[in-house]
Amino acid sequence: MNILTKLRQDQPPLQAPKWIVFGVGLAVLTYLAYSPLISAPYINFERSMVMIYLVVGLGLNLLTGYTGQISLGHGAFFALGAYLAAITTGKLGWHYAIAFPLVAVMSWFLGYFVGRPALRLQGLQLALVTLALALVTPSIIKRFDTFTKGQEGLNLNTAHPPTWIGLERDQWTYYLCLLFVVIALLLTHRLATGRVGRSLMAIRDNEPVAATLGVRAATVKTQIFALSTAFAGVAGVLYAYVVQFVAPDAFGLTLAIAFITLIVVGGLGSTFGTIFGALFVVYVPNLTSEISESAAGLSYGVALVLFMFILPFGIISFVRLGLTPLVARLPKLTSDKNN
Amino acid sequence: MELLLQQLTDGIAWGALYGALALSLVLVYRASGIVNFAQGEMAMFSAFGSWQFYQWGLPLITAISVSMALAFIAGMLIERTLIRPLANSSHLTLIIITLGIMLVINAGAAWIWGHDARLYPVISEGDPVSIWTAVISRQALTIVGAVVLVALLLYVLFQHTRTGLHIRAAVSNSVSARLLAIPVNRMLALSWGLAAAIGALVASLAAPQLVLQPSMFSATLIYAFAAAILGGLTSPIGALVGGLIVGISENLAGTYLPGIGNDFKQAIALAIIMAVLFLRPEGLFGTREVVRV
Amino acid sequence: MTNILEVSGLYASYGKAEVLHDINFSIEEGGIAVVLGANGAGKTTILRALSGIVRPRGSIIFNGEQIVGSSIESIAQRGMAHVPQGRGTFGTLTVEENLRAGGMKQSKNHINSAIEKWFDFFPRLRERARQPAAGLSGGEQQMLAIARALISEPRLLLLDEPSLGLAPKITQNVFTGLETINRDSGTTILVVEQNAHLALEIASTGVVIDTGNVVTQGLATDLQNNEDIRRAYLGY
C-alpha cells in the first residue's frame, strides 16, 4: 500500500504512553506561558489569534467530528460574542470579565434554540442554511446599527491587565486566550472520553441504530451544537479583546470559510489536529500576503481541495502516520500496558 | 400602484437573474447530488473572461459566446477532475471541495484582474423601455429574454432530444442507464458544462448592473440559493419560478416592510431558505427523498 | 448449438468478503437458462459480474469475447442486457421515454417501430405510455423493464428475480411472456430466480448456487426430477 493510499485512510490516534503526553504537554504549556514575556506584541497577537481559532475549532470539531454535520454559520455566534463584548465594555461600561460568562450562556441557549430544529436537517440542507446565515451575518450586524454602529464598527479600549501584574495588554489578552484554550481542551477531553462522547460516536456512526439503544440523539446533538456555539461566542469575546475593534465585514463568508478550513486541514474530529488547523489558518495568510493580496484565499481554497483528495483526515493523519512507528518504540509504564 | 408595478418589474428582472443561477444549481444537483457553492464564482470568472475578450477586440456578443463555450468546457473539466473521483465520498467532502473551488476561482479572478470594479458594456444601448407606468432598462429586458430563451432551449433539449433523454435517465438511475449503454459519466459532465455556460451568460449580461469585480456575486449568491431551494433542488422549472418569487418578494419587502432597508433584504433570502428547509424541504416542485436505514 | 456465455474460474468480492468462489458454467445460445439457489447464495452477484457492475476475477467469454474488466456500457453495447433486481425503471420518465432510452444506438425509426412492437406485446404499457414509470404497478414495471432491455435487440437478456414482489398471477404472465419472447426472437435468457418451481417450468437448463459455489448444473428436467437437489437448495 503506497503512502497516498495510507494517507487517505483514517489513522488511529497515537497510543502515546502517558508520560510522553504529560511531558510534551507540560513543555508546551511552559513555553506558551513564558513566551509572551519575551516576544514582540505582533507575535503575541498572532499567537492569540491562533488560540482564538483553536477554541472555535475545538467547538466545531465537536459538532462535525461527532455528528457528521457541517455548520458554516458559527461566524454568527463569533460575531455575537465579539459585539457583545464591545458593547458591554463600551457603551455599558461593564468589566470585561463579565462578557465571558454572559456570552457563553447566551450563545449556548441561542445555539440550543437554533440547533434543535437545524439538526433535523440533513447534511447538505444544514450546510445551506448555515451558509445563508454566514452570508447574511454582516447585514444583520448593520441592521442593528443603533448598537453596532453599522459599517463604522466599534472600538474597544478594554481588557487592561491589573496594574499589580505588570504586564502589557497584548500579553494579558494572550494569557486570557491561553486560559480559555486550556478550559476548552479540558472540556473537549472530558467529553470525548466520557459517556457523552461515546453516545456521540454511536450517533455519528449509525444514528437509527443508536436510537434503538436508547441514545437520545436529538438532545445530545443539540447540546453539542449549543456547546460548539458557546465556544464560538467566547472566542468572539477574546477576538474583540485582542483586536480591540469589530466591524461587520469581518464576520461574513470569509470567516466561515476560515473556520471550515481550520477543521478540514487539521482533521475532522481530532483535537490535536485542530491545533495544526489553527496554525494554518493564521500563518498561511501572513506568509502568502507577501506574494499577493488574494493569495490567502487561494491557499485556503487549494488547501481545501487538496486536503479532500490527499489528506481527507487532515494533517493529523499525516502526523499520526509518521509518529506511530516512533511512539511504538517508546518505553511504557506498567499502567499504560493495561490500556 | 405605480410603485408596486415598478417593484414588480424590478423583481421580475432580478428574479430572472436569480432563476438562471438557480437553474445552474439545479442542473448540477440533479447530476451529482450536491450544491455547487462555486457556481457564482464560476459565473463571475466567465464574466471577466467575456470582458477580457471584448477588451481584446471581439464584438460583445462574440465575446460572450466564446466565454460561454469556455465555461462549458471548464464545467465539464471540473466535474471530471474534482468531483467525479470523489463521487462516492460523503456530501461533506464534496461540499468542502466546492467551497475550495469557490475560493480558488475568486482568488484567481482577483489575482488576474485585481479587486477594482470594471465597467462592463451593455448589450443594447438605448432608453429604458416603458411597460405601463413601470420602467425597465434594456439590459434587464435582455436578461429576462435570455433566461426565457435558455429555459426554452433546455426544455427542447431535455424533452425532445436523445441527449436530453439520456441525461434525464442518467440522473434518474445511473446504474440502469449504464446497463443500457448510456454513457452516464459523459451525461454528468454535460450537465456541469451546461450549468457553467448558463452562469457565464447571465453573469455577462448582469455585469453592467452588478459591476464587474470579483465580489460581484457575493450579495446575489444567497438569492440564487434561496431560489433553487424554494423551487426544489431537483426541478428546473422550480428554479425559475423560485427565482421570480425571490426576486419579487425581495424587492417588495425592501420597499414595503418596515425595518427592512436595502441592506437587510438578504435576510428575506435567509428566511425563505429556513422556511423551505424546515417546512417543506423538497420545495415547491421538487421530489421527496427517502432516507434508507 | 454454440455457447453464448462461458464462465470459468469466476471469483467476486464485495470489499473483503468473497462472495463467489470458482464459478464455472456455460449457457447455450437460444435457450432459457435459470440460476437457482437460496437467498444470499450469490445469484445476483453472478449477474452483476456478468454485466460489469461488479468487477470479478476469472473469465467470462460472451459471444467469443472476453469481457472481464470491461465497462458496463461496453458490455451492454456488445449485446448483453441486464434487468436488475427491483426493475430499475426511470421513475420520473414516462413509459414511452423509458422504452426510448433503451435504444441507445438505434435510429429513431428503428426505435419507434420497436416501441410499437412492445406496445403490441404488452398492451398495458401502451395504455400508460405517457405516465411516469414510478406510478406503475410492480408487474407493469417488470414488463416495462423487460421491454426496455429488449429494445436494443440484445443477444443475451439477464433477469434478476423478476417475480420479486409480484402476485402469482402476474408472475405467471411475466414468465409466459418470457417464453414467448424467447421463442419468437431467439434471444437467450438467463433468469435468476428464487421461485425455482416456476422458473424450471420455462427453462431448458439450470445452475444451482449455494453460498457462492456451483452445486450442480444441467437440464431443467433433470433438476426438476432430482429430489435431493430440490429439497436442499430449491425449497420444494
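Observations
All chains are identified by letter, namely A, B and C, in their written order; residue positions are counted from 1 within each chain.
The rule we apply is simple: a residue touches a chain if its C-beta (ideal position, glycine included) is under 8 Å from a C-beta of that chain, and two chains touch if they have at least 3 such contacts.
Computed from a predicted structure; not experimentally measured.
Central chain by Cα centroid: B, whose mean Cα position is closest to the mean of all protein Cα atoms.
Ranked by separation of Cα centres from chain A, the top chain is C.
Per-chain CA centroids place chain B at a distance of 42 Å from chain C.
Spacing of chain A relative to chain B, judged by their CA centroids, is 33 angstrom. Distance from the chain A centre to the chain C centre is 55 Å, each centre being the mean of its Cα atoms.
Of all residues in chain B, none touches 2 or more other chains.
For chain A, the set of residues that touch two or more other chains is empty.
Shown for chain C are the residues in touch with two or more other chains, of which there are none. On the chain C side of its complex with chain B, the touching residues are 51, 53, 71-74, 76-77, 81-82, 84, 88-93, 97, 100-102, 104-105, 148-149, 152.
Chain B makes touch with chain C in their complex at residues 165-166, 168-169, 172-173, 175-184, 287. Chain B contributes residues 34-35, 37, 82, 85-86, 89-93, 95-97, 99-108, 110-111, 115, 214, 218, 221-222, 225-226, 229, 259, 261, 263-264, 266-267, 269-270, 273-274, 277-278, 281, 291, 293 to its touches with chain A in the complex. By the touch criterion stated above, chain A contacts chain B in their complex at residues 64, 68, 70, 117, 120-125, 127-129, 131-133, 135-136, 139-140, 142-143, 208, 253, 257, 260, 264, 268, 292-298, 300-305, 308-309, 312.
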